[in-house]
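Chain naming follows the written order as A, B and C, and within any one chain the residues start at number 1.
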């Protein structure tokens, strides 16, 4: 059992170490997300009222699209030789999935955290009283996007159209995550209970985790 | 059902059923409020039902392949996805056609079923795009099957979360459920649902059979890939 | 023996007599100067300890005369021979009926003598202890070496090549002394690898058997009706032009490529069965594409392999030094030459010591030094009863390394 966690931790550490060296997320995706947040208002008349209305929807959209980008980033793609090596080292495919999801979730969370203050800066929505429950929502959203995108990435490993195909697979079924996160925030702002939406996030995350565990072995067979 | 007679019978049944359904659709009593526009319901509702049925069959085919590795299940999954995307498109299109004259808008965000069906349409598109991207049949079957499993777990969550979303935001337009249906309308609806289901079954049978023939012809190539490599001919080159 | 060594011996003896299942003998070390690496796993089913184990100890690099005391404690029902390579002298036989605990010392002269001992079972089964003396002159090759051509780091392995059905665990205790320094004791455990010879009851199980195997990629057949058998201790070369399917064949043997038709067994596990993934850690692969992560350093890449394989990072560092990259470990893989990257790949194999070694055009693009590493790997694998399958388009090169070279086309009807 502990060997499983050692392997998962080693894989997660590998991904984060590679990210630390290549800085693909921090130096490329985050600026990209920042630029996107900044550019959207140019498609409106940038009147303060209109911007405040679209502030949070833009935030979640950026979180969705760029969260996918992070999980599907090029430096996280394993070559055939690397996948073969992992298989021959006896790496548990579920441990590999866990490790990759953990590192992707951390990086997605970075994107979400960096983008949030920019939304307030450029869109000027009403400030949120007591925003602390959003920490949990962000974590659940990041975890769900990490799992879903990692699954899509594994399903499309080695295919030429991967960079467009994987997002196509993710976007329609990411709606529960999007709704859960966005409606949680909206409920918090309106003073309503966030419970049903947090539960939606939790259930979706659990379902994704279960799917990931069940399909990990099959995916390894198809990818080595 | 590979015997030609069986397929012909099924095909004929489908044809008869659809014809009967159409006839009933046009002769049943019109709705008091929607008048003749209600007749679109006779195509829209079966289309919707089949969209979800086909999706379920794709999921079952995926599971079947993962468990047994028999290509038959993969062909069923593929066929159901292709037929299903067709019916989903019909359902969405007729829904939009129905919406405009009756409620003044092509798309009603207040309807969780339509929104979920549209999302399912995109899931189908993704599934078919994935299948087209993989050339090796076994790899294609495996990856599609895994996507099928992911989708069948997620789509109910999509439906549930979208319904929750609409139910918590009250005060939207009148739904199609608000139709009071008399006997002739119910009969027409049932006949159409059955007819469409038979049509689905017929299309499935033909498509699975076609896929089987395709894979048989594909294996006829027996020359080893490596044999096509021969010694280079370098005479006369300096 | 000194008392603390006796204590350690006692500890290990208790471990050795564990009831069944895996016995973990790793990490026993007495002397800091003597890193001891043990890995011996008892095969509880057959009762034969059939896994290679080795000890490594570093001599101080001092030239001169060294006494090595070799001790073994075991139970056996058959005569066993303690042999090593090198020149043999037969004039040190134990007399039959050697008493318990009797210590034999001999001080010969000059060159290394290899002690050749024969122990005969006594009428009643007893534990008995043999202590012998082995002597050699450093830096002469260490007399008991099986693997390791590195003179600076000779390896002590006892290999019961001619054992007849012997089994059991063997404790090797040694003491070394030199003219100038204080004697130090050390010990190691070695499990005897009973390599079954043709004259014994059973033929060795082949490492690889492929029976009418076919593989397709899409509609294209790549391998058709292929038969292959690889026995332990052999090196099989498969030759063929580029594009003939050699890499695919290796993929099948590595249990990674699914079969379209036919059956196969690798390391005892049937291809396509759940057991196949269990034997993967005993398989090693080296190809022209090293499995390195560009952004990590060479050392980090090797540490990654060690972590995933459950090996200590020191082993990774040791392997890196062995392949001559000890000073280059901090370089990123993307900034290293292809030759260096290949050496790291080979270092990971040195570390893992797989039982089945698969080489895909392994010599391509390597310099002579790196070629030597591959030769050592092949030798190590062969000697520990494993097997090597090499594929190459260069049949001449294959003939130099392999016991037999088969053209790929000849494997199919």
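Operating definition for what follows: a residue touches a chain if its C-beta (ideal position, glycine included) is under 8 Å from a C-beta of that chain, and two chains touch if they have at least 3 such contacts.
In this text, all values refer to a predicted model and were calculated from it rather than measured experimentally.
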Pair of chains joined by more contacts [C-beta pairs], A-C or A-B: A-B
Per Cα centroids, the chain farthest from chain A: C
Closest chain to global C-alpha mean, per-chain Cα centroids: A
Euclidean distance of C-alpha centroids - chain B vs chain C, Å: 58
CA centroid of chain A to CA centroid of chain B, Å: 30
Interchain centroid distance [CA atoms averaged], chain A/chain C, Å: 45
Multi-partner residues of chain C (at least 2 other chains): 258
Junction residues of chain A, two or more chains touched: 221
Contact footprint of chain A on chain B as seen in their complex: 66, 119-120, 122-123, 125-126, 129-130, 133-134, 139, 142-143, 145-147, 149-151, 153-155, 157-158, 160-162, 164-165, 168
Chain A residues within the chain C interface of the complex: 3, 6-7, 10-11, 14, 17-18, 21-22, 75, 79-82, 84-91, 221, 224
Complex contacts: residues of chain A adjacent to chain B: 151, 155-156, 159-161, 165, 168-169, 171-173, 175-176, 179-180, 183, 196, 200, 203-204, 207-208, 210-211, 214-215, 218-219, 221-222
Contact set on chain C toward chain A in their complex: 254, 256, 258, 277-278, 280-281, 283-285, 287, 289-291, 293, 295-296, 300, 304-305, 307-310, 332
